[in-house]
Amino acid sequence: MTMLEVEGTKASSFNEREFQITTVARMIEDGRSYWVTGGGTPIFAILLGQRRYAPNAQYITEDGVIAPEPMLPFEPIMTMVASRPSYRALAWGTMNTAGNHAQLGYMDYGILNGLQVDRYGNINSTLIGSGKEMRHFGGPGGADSIAANCWRIILMTDQEKRKFVERVDFISSAGFLDGTPNARERAGLPRGTGPWRVVTPWAMYDFDDERRMRLIAIAPYVTVEEVLAECEYPPQVAEQVETLAVPTEEELEVLRSQLDVQGQATGVRSGWVTLEGDKYVRQTGD
Amino acid sequence: MTMLEVEGTKASSFNEREFQITTVARMIEDGRSYWVTGGGTPIFAILLGQRRYAPNAQYITEDGVIAPEPMLPFEPIMTMVASRPSYRALAWGTMNTAGNHAQLGYMDYGILNGLQVDRYGNINSTLIGSGKEMRHFGGPGGADSIAANCWRIILMTDQEKRKFVERVDFISSAGFLDGTPNARERAGLPRGTGPWRVVTPWAMYDFDDERRMRLIAIAPYVTVEEVLAECEYPPQVAEQVETLAVPTEEELEVLRSQLDVQGQATGVRSGWVTLEGDKYVRQTGD
Amino acid sequence: MRILAEGTAPYLPVDPDGFREYVREHKSRALEPKLLSAQEAVARFVADGDYLVYDCNYLQRGPSILIREIIRQRKRDLWLCGKFTYVDVGLLIGAECATKVDCGFFYQGKAIDRAIDEGRLEIYEYSNVVMTLRLQAGAMGLPFLPVRSLGGTDGFSQSGAKLIEDPYTGQPITIVPALNPDVALIHVHQADQYGNARVFGTGIAHEESALASKKVIITAEEIIDTEEIRSDPGRTSIPYYAVDAVVHAPFGAYPGTCQGYYGSDTAHVIECFGAVSRDGVAQYAEKWISPFATDQEMLDKLVGEEKLSQLRANETITEGYRP
Amino acid sequence: MRILAEGTAPYLPVDPDGFREYVREHKSRALEPKLLSAQEAVARFVADGDYLVYDCNYLQRGPSILIREIIRQRKRDLWLCGKFTYVDVGLLIGAECATKVDCGFFYQGKAIDRAIDEGRLEIYEYSNVVMTLRLQAGAMGLPFLPVRSLGGTDGFSQSGAKLIEDPYTGQPITIVPALNPDVALIHVHQADQYGNARVFGTGIAHEESALASKKVIITAEEIIDTEEIRSDPGRTSIPYYAVDAVVHAPFGAYPGTCQGYYGSDTAHVIECFGAVSRDGVAQYAEKWISPFATDQEMLDKLVGEEKLSQLRANETITEGYRP
């Protein structure tokens, strides 16, 4: 069965990052609110989702921009506290505005990036390794608050072995913590929240009743085995793993000509995929 | 010795409320900040003080008006959340703005009214009496926060027996509480704060080293005995009780023609005082 | 870390997670038109027994039209947030709409005395800033906030506050329970049909009240286009998703002032004080409220165009109130 | 009421009463002219060892001119509030001005790696909103605030947070210590000579940072007359009494954008990332900072009138940024 199929002309050529973004864009629910990190793929996913499928989905950014109609494209880096992303918002606030509204339960979804994710959906964006080998990265930024307070969390990350681990080197943003029932509540986090989906350029995961990450769908250009080979710790696997639909030409047109015109998000570490006969094939050597 | 003497033509006729307001107006310290309750005598005292003696004294009101240059006179009742008292402020905020800035220590002085005050400077504006005889009044309003957080508190009240008591019927706004050392700090209030002066139409009080209210000055038209007769609980009395200077014509001109033009504050329960020979005499039968 | 003392008053249960779940189920994050009449808004969103907060008061940019509508619809057993009020508490108690009040300040009179004497009114003791801080806690989704006042007073004992040992300084500090009212009534200068609302000038806790409350009714002097909101987002005081109903209410603050728009009707203001003072709320309602199906009818017939024009003309100050 | 868990990181001591006393002694409530040059302001108000907060960052309406001035004056041993930063932390660490950082987010690179390897940098772990909430606690004069995030993370363990039993709900809740920095640097669109300051558009925590800090330096694109402030008091973001110095700094956020006023210098922005990435902060400073006595000289000689005009022209959006 094909998952997240939409109307349009199936693209015969796209890159994996574009596949990941269109996949999340199709998950955007109309009439719902999204707290998105300012940079990278999450903002493109919500913008594409709004333009194609969910015109009344709204989003807020960490600097308190509420429901903007941004002027596209953004300048490099300038995704917050800048005029284009803030354009035609319904309200301008500050970081505490965003934080408070999320604490109040007003944010349906959060969309995040992360360096590493573990079997309980905990997210690391702080450091990799330990002791002498430890390397400090940027820190959670807003992700800790997004992961704690939005009702459902969508994590966008890469499908790489070292990124899917049993236990992240550092929990920057809370998933289900140690996976025990109510572990989040015992840590003071709001009831009924937590990781919901993980989407990579190759696959989609949800979380089972025991809060373990579970592979539920793959891209048409990879196999389950290939995905699992890129997980240091093997996730649960759904009985039926579905196949995700490929991007449409209409989506790519928006993404390439309006959103990520400089290839900032879609150009990063991303292989190319082409239709060969009736099969989508990854171009190796990327 | 005469206290708070200023330049100007001594008035030969004024009422006791005007005397009280001019007394406090002369205490206004230039360059300092005042949190004043919106209505009644405190606002007239700071306005008069600014106009005559302390042009760089600033005030804030409970609705977050910071350092206004109000359009005078005010309409009846309309002393907050209204355009005339808010006019030409340096900033407009809300009640939490005022509360936060006071908690931060930005308010040098608070000027308050109250129904009752006790020997430790505790203020009652909530209820009088107890049991069946209890009558509920309006509550502290902003006075609790003013009394807790401003560095020095000036209370303006009437010189009436039932208002100067051993223990107020209800502590609405904290004075020195039970008078023991550090009682305020033990109650969670900021260090180094507390009642500073009580000013009535007849007298001025400070607080001695043991935090007890002490009579330090009287109006020229009353005696110490008359004042003490209007205290249910006798205050401490300074070794030297000084005499407060009378209003000047210049002060009364400002007060009557610019500030309290409708006699809202100065007309309330106030006897008339006139110069007879070289003595100021209260007109009885008021 | 110890609790050193606590007040004994009942308070609205503190339940941040429950409030979040209410928001999730009942507040729309979509842009949906929310224009209703005052009548419909009060009928749908104010229930008997509700905890009610209104910002400012009957005389100063308050939702006076909705306070009259509550009296008209004979709502009962309301619990009032009595911060920075004048005559409103007295009117709602005199009209037998309210039975409890968290007191910061209200204008006292025989209407209130009688309710106390007849055992129809419970008063819990706070102060203005303490109440707006409780609303701020509610608006932040937190269970409580510390505060540097209230401690040591008799109000503390008759409130929901607690004195605890501060785990950081070791010193005593007062904390107060978050307040998440059932319903908030907020009068604003401008709003769009979705509820994006602008307040000009000072206020008491309009943003906090809206965000802290389950149901929010905005009354607005002017309904403006969303385009206007989007052209100056820094002027938005309350975002649409906190709002359930928008009532177009020119002179909605009458007889009070709406700063920058019109002055107060002094004669009527004095009449309000009189009604509360001498326990004459029933007569007040018989004159100003019950004869009219809507507030607009009252404004038309009892106040009249000329008087309203005069009140507008009386407000000579507009600086800072027009974007 | 119990403490269930606590982080182990050092944090700036929590002392609301001490902060109040600092305010009482050192902050003027009078209207006093406060115009200073960037040089004087940093010399007088930034001391070695200070805890430093700046709002926004070197690339987005940050006080970039003062960050350069701090590097020029070789300030040492600063403790940085690393909320919502990009390259600033890297620049200040690469220039050996800072030795500690409370981390929300910063752009990582070899400049930081090397400082860690050489034992010159301590990092304590928070997140952006947790840091702005700590500033809010500081700006309210409170010792701590509850927060609904951070709990359960490894950041919690390496922070100053505590998990306590909420005395109202009985549930676990995280609290974080108030932050009252020694010095705040805030870039604004407009300010008067007394420090009344206006920020247009979104921000991170400009108001909170100013009110929470002992010493406050404002850099302003435009110095406006106090008459203008008084004509629209609703636009004032920071009141004068929180401010110690006002620096007139057109293009003070360069190479970053100042929303509504000018866009960023993309080439220079990329150079900043490069400097932090490849541990080239010294070379960056040798090019952009040390050769010039003042920032104005750098703007004149190295950037030039034409480029600056272009950056202004690039900012085509003005709606909401001009009162």
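We call the chains A, B, C and D, going by the order they appear; numbering starts again at 1 in every chain.
Keep in mind that, in the parts below, contacts are C-beta pairs under 8 Å (C-beta built on N, C-alpha and C of every residue); 3 or more make two chains touch, one makes a residue touch a chain.
What you are looking at is a predicted structure, and each value in this text was computed from that prediction instead of being measured.
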| item | value |
| --- | --- |
| Labels of chains that are neighbours to chain A and to chain C | D |
| A-D or B-D - the one linked by more C-beta pairs in contact | A-D |
| Chain located farthest away, centre of chain C as origin (C-alpha) | A |
| Whole-Å gap separating chain B and chain D, where each centre is the average of the chain's CA atoms | 41 |
| Length of the line joining the C-alpha centres of chain C and chain D, rounded to whole Å | 36 |
| Averaged-CA centre spacing for the pair chain D and chain A, given as whole angstrom | 29 |
| Distance from chain B to chain A - Cα centre to Cα centre, in angstrom | 61 |
| Residue numbers of chain B (touch at least two other chains) | 65, 86, 88, 92, 103, 149, 190 |
| Shared-contact residues (touching 2 or more other chains) in chain D | 16-17, 141-142, 147-148, 171, 173, 201, 231, 233-234, 319-320 |
| Chain-level touch network, classified as line, ring, star, complete or other | other |
| Chains that touch, pairwise | A-C, A-D, B-C, B-D, C-D |
| Complex contacts: residues of chain A adjacent to chain D | 61-65, 71, 75-78, 80-84, 86-88, 92-96, 98-99, 103, 126, 135-145, 147-149, 170-174, 177, 183-190 |
| Residue numbers on chain C that touch chain D, as the complex places them | 1-3, 14-17, 141-148, 162, 164, 166-169, 171, 173, 175, 177-178, 200-201, 231-234, 319-320 |
| For the chain B and chain D complex, residues of the former touching the latter | 30-33, 56, 58, 65-67, 69, 86, 88-92, 100-106, 108, 149, 151, 190-192 |
| Partner chain A, residues of chain D touching it in the complex | 56, 59-61, 82-84, 86, 103-108, 112-113, 116, 123, 125-130, 132-133, 136, 147-156, 163, 171-174, 201-208, 257, 259-260, 263-264, 266, 269-270, 315, 317, 319-321 |
| List of chain D residues in touch with chain B within their complex | 16-17, 19-24, 27-31, 139-142, 194, 196, 211, 226, 229-231, 233-234, 236, 239-242 |
